[in-house]
Amino acid sequence: MSGMSKIVKTMSAVVFPFIMIFGLYVIAHGHLTPGGGFQGGAVVASACVMILVAYGSVWTMKKIKEKHLSIFESLGAIGFISLAFFGLVFGSAFFYNFMANTQGFLGIFGDTVIPASTAADINTAGLLPLMNFALGLKVIAGLFAIVLVMAYATNKSKGGDKK
Amino acid sequence: MMDFLTTHSPALIVAIPLLGAFLTPLIGKINDKVRNIVVILFVAFTTFLIALLINEVATNGIVTYVFGGGVANIGTLEAPYAIRILFEIDGMNAFMALIAGILPLAAVIYSWGFMKEETGQDKYYTLILLMTAGMLGMILTGDLFNFFVFLEITSIASCALIAFRTDNKYSVQAGFKYIVISAIGALFVLFAIAIFYGQYDALNMAIIANNITYGFLDKVALVILIAALAMKAGLAPMHMWIPDAYGRSPASVTIVLVGATLAGLYGGLRVIFTIYGQQLSTVLHKIEEIEIHLSQILGAFILALAVLSIFIGVFMALKRSDFKKMIAYAAVAEIGYMFLAIGAYLITISSEDPQMLAAGIQSLKGGIFHILNDSLDVGLLLLVAGSVYFATKQTSLNKLGGLARNMKYTTIFFVIGLLAVSGMPPMNGFASKLMIYQSTFQINPIISIIAILCSIMLLAAFVKVFQSIFLGPVIPSLKNVKEVPKSMLIGMGIIACIIIFIGLFPNIVIENLVTPATNALQDTTGYISAITGGV
Amino acid sequence: MNNRDTYAIIFFAIVAVAFIFTAFNAPSFGLMDADDQPIDRPMDDKIIESAQEEVGANNAVTSVVFDYRGFDTLGEATVLFAAVAGVIILFRRLKK
Amino acid sequence: MNVFFVPYLAVAALIIIGLYAVILKRNLIKIVIGITLIESGVNLFLITLGFRENSTAPIYTSSPGGIMSLPVPQALTLTSIVIGVAVLALMLTLVIHIYRHYGTLDVRKIKEVEE
């Protein structure tokens, strides 16, 4: 598969940044609005897959290898589990949310929320937004790697499919 | 430091292999040797933590660990409920965790030599560590949904490893069979969990066990859970995936897969004895004066399937000419022995005759002891089969012969495994099988005699293998066969040493590990009150 | 139509009937009792009530996913990690 | 007659159709589709259990007030969906490999030779 027509290529290149921004928005506001690391990650990954479909897997494989995606995925996973380990070190238990409702801890995501308030304050929820970012990175890299590897392996034009 | 490790060991036992799995692809970029050492260190550290945890459980009783901090029971004593995920470790969990600690340690050491020639080793070690973490999570968790998640981790990681040799069409096929069966099994487990959630608004095993009423939906959930988990444990007639998966996967993977199978068995035990533990004495039918309890029906059902498993396992093992497949069928038979003991215990549980009760408890002890012994015996034989494959690239009995001359240590390990798996003294298999024979003889002599006869036939099958592979004239094409690398011998040696140790001093293991596990399994109220806070 | 097919159809029919029968006995849909008051669900009500205060997130689902049941999410991320590793290992080059 | 069981009938229908495909279909891709159907059924069951009449989503940001539906089933379904994606990816990978080896997806032609 050497990619689709010029119209498709151009249009997907134009739409790509918008889908990307939307996905990142979903990741960043996971603790306030519907969404989160998984959902936003899936949106961004589908934007990447759209590029893959439009330009063909051989072209995409030249730009980014699954090795690099795998490293990004590992980094995301390590980030997520490290945040859980921080709960062990700074708090009382694995996965303890030591940053929520504490203004003191560097002031990041530490605002106290008044119960039953409906206002959106992004600077809240402690570890949750950070975990969302780590998982988002992991899901983007992971899903894209799955599709990229499968598309490349079943690509007929490079003779990958023997049968 | 020690205190910190002991307090947090339940979380760390799962988190350390996970961290190792996430780090392995990065470390693999540096150097193969460094990566192998780091992986072995990660698994060894996990095993060390398991030892700490077992010690803690032995001294202080049930250990609970709440993820995210706080107390386990948020509600009151009368209406308890738990929000956060809990790990609850009693004697049974600790016992199973020991098995899940030993097998991966042997596997990663063995892999160093065994996997030297293969590509994709980074991902291979990642998946082995993920299997370890999944297995340990299944064993330690006290939360049903968490159990499902770890079940899926284990089955996905092991499926990818079963199909590791993608150039062999049979291994790809075995992998597909395994993923279909485990995906359906896991989905039905999730369905049963949803039934529990819908009725009791709880996901914690102890809370569900506390609230359960044994209505219609609970009966459905019981059937689904037992069917799905017996499928994961490889009880006949749902054993079809075991010969394929065990026979076609690399030996170092198979040995971890044995642990994963037994984790499925553990899940079944937890469902029967803990979640439905208070309902086992429910009277289902009353025929004149004789009351038929739930435990008796379950016991009879399990007993029948167990005898079927033993039969199928032994007869198919006699017929096969492929070394690894034969061991796989022997593993099916061994699983049958465990279920035989459990079924015998369930039948006697509601009896009023003290002699029968004692026999039942003895039988349960034998069954639980056999879980440990079976994992070690079958594991050792599988590793020997892997070594034979490594040295000769053959597993068919007809194309092998006279290996004893060139592979002395492997031959010794095979003899140890052969005697252990067929229940001969002085190996560990004898100790546990004797307990099963004695107790089932009191309950029903016919079953006991069948079990003994099948065990003898298993011995006959393996003696045949021993003769055709290791003895006899050297086949010309195998003249230059060399002994396997040291790391593989160490991997087999670890298991062989433990087998001989248990065989010589079975009482130490029975007193310190098996009896606490048996007591914990019988003590449903103890498990529940550790969470709810009641006495 | 051979023997295996017949067994499969019988097995399938039994399971199908069992599922339909279960559906008729399922818990009440909508979680409302006879007086149109919400049925008490202690675990979920507690989370809805205290998620904002304890975790500080406005989205109760996210606070369940990442805080109350954070360990499940770690497991879920691990499942995806395992799948990616599995797909890459199965499409690897076989020769060094 | 109450109609509270109707959503559960949809669940049962999805699971039964999925099981039908898994047990009685001969094409590997159809078996895979069957498994995803069972998975959708189970997910639907989970999310149905969390529904409360006249409720809003359990999110406080610009919430109109009133009772909220249960958050735990939504979280469980999210987990289950991601697990489903992972299983699907692995199953399709193996199907591709089986197709490469045998040149067919028909179960009857893919026979294991017993040794």
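Here the chain labels run A, B, C and D in written order, and each chain numbers its own residues starting at 1.
Following the convention adopted for this analysis, a contact is a pair of C-beta atoms (placed from the backbone, for glycine too) under 8 Å apart; a residue touches a chain by one contact, two chains touch by 3 or more.
Bear in mind the structure is a predicted one, so any value in this text is a computation, not a measurement.
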Which neighbours does subunit A have in common with subunit B?
C, D
Interchain centroid distance [CA atoms averaged], subunit A/subunit D, Å:
23
Distance from the CA centroid of subunit B to that of subunit D, rounded to the nearest Å?
28
Residues of subunit A that touch two or more other chains sit at 32-34, 38, 70, 77, 81, 84, 94-95, 97, 116-118, 120, 143, 146, 150, 153
Listing for subunit C: what residues touch at least two other chains?
22, 25-27, 41, 43-44, 47, 52, 58-59, 61, 63, 65, 67, 69-76, 78-88, 90-91
Could you list which residues of subunit D touch at least two other chains?
15, 49, 57, 59-61, 72, 76, 78-79, 82-83, 85-87, 89-90, 93-94, 97, 101
Chains as vertices, touching pairs as edges: which of line, ring, star, complete or other describes this one?
complete
Under the touch definition given earlier, write down the residues of subunit A that touch subunit B in their complex.
70-71, 74-75, 77-78, 81, 84-85, 87-88, 91-97
Touch list for subunit B against partner subunit D, complex:
145, 149, 152, 156, 159-160, 163, 166, 169-170, 172-173, 175-176, 179-180, 183-184, 187, 190-191, 194, 197-198, 203, 244, 320-322, 325, 396
Complex contacts: residues of subunit B adjacent to subunit A
8, 11-12, 15, 18-19, 22-23, 25-26, 29, 65-70
Residues of subunit C that touch subunit A when the two form their complex
52-59, 61-63, 65-67, 70-71, 73-74, 76-78, 80-81, 83-85, 87-88, 91
Using the touch definition from the top, list the residues of subunit A that touch subunit C in their complex.
30-34, 36, 38, 66, 70, 73, 77, 80-81, 84, 94-95, 97, 100-101, 109, 111-118, 120-121, 124-128, 131-132, 135, 138-139, 142-143, 145-146, 149-150, 152-153
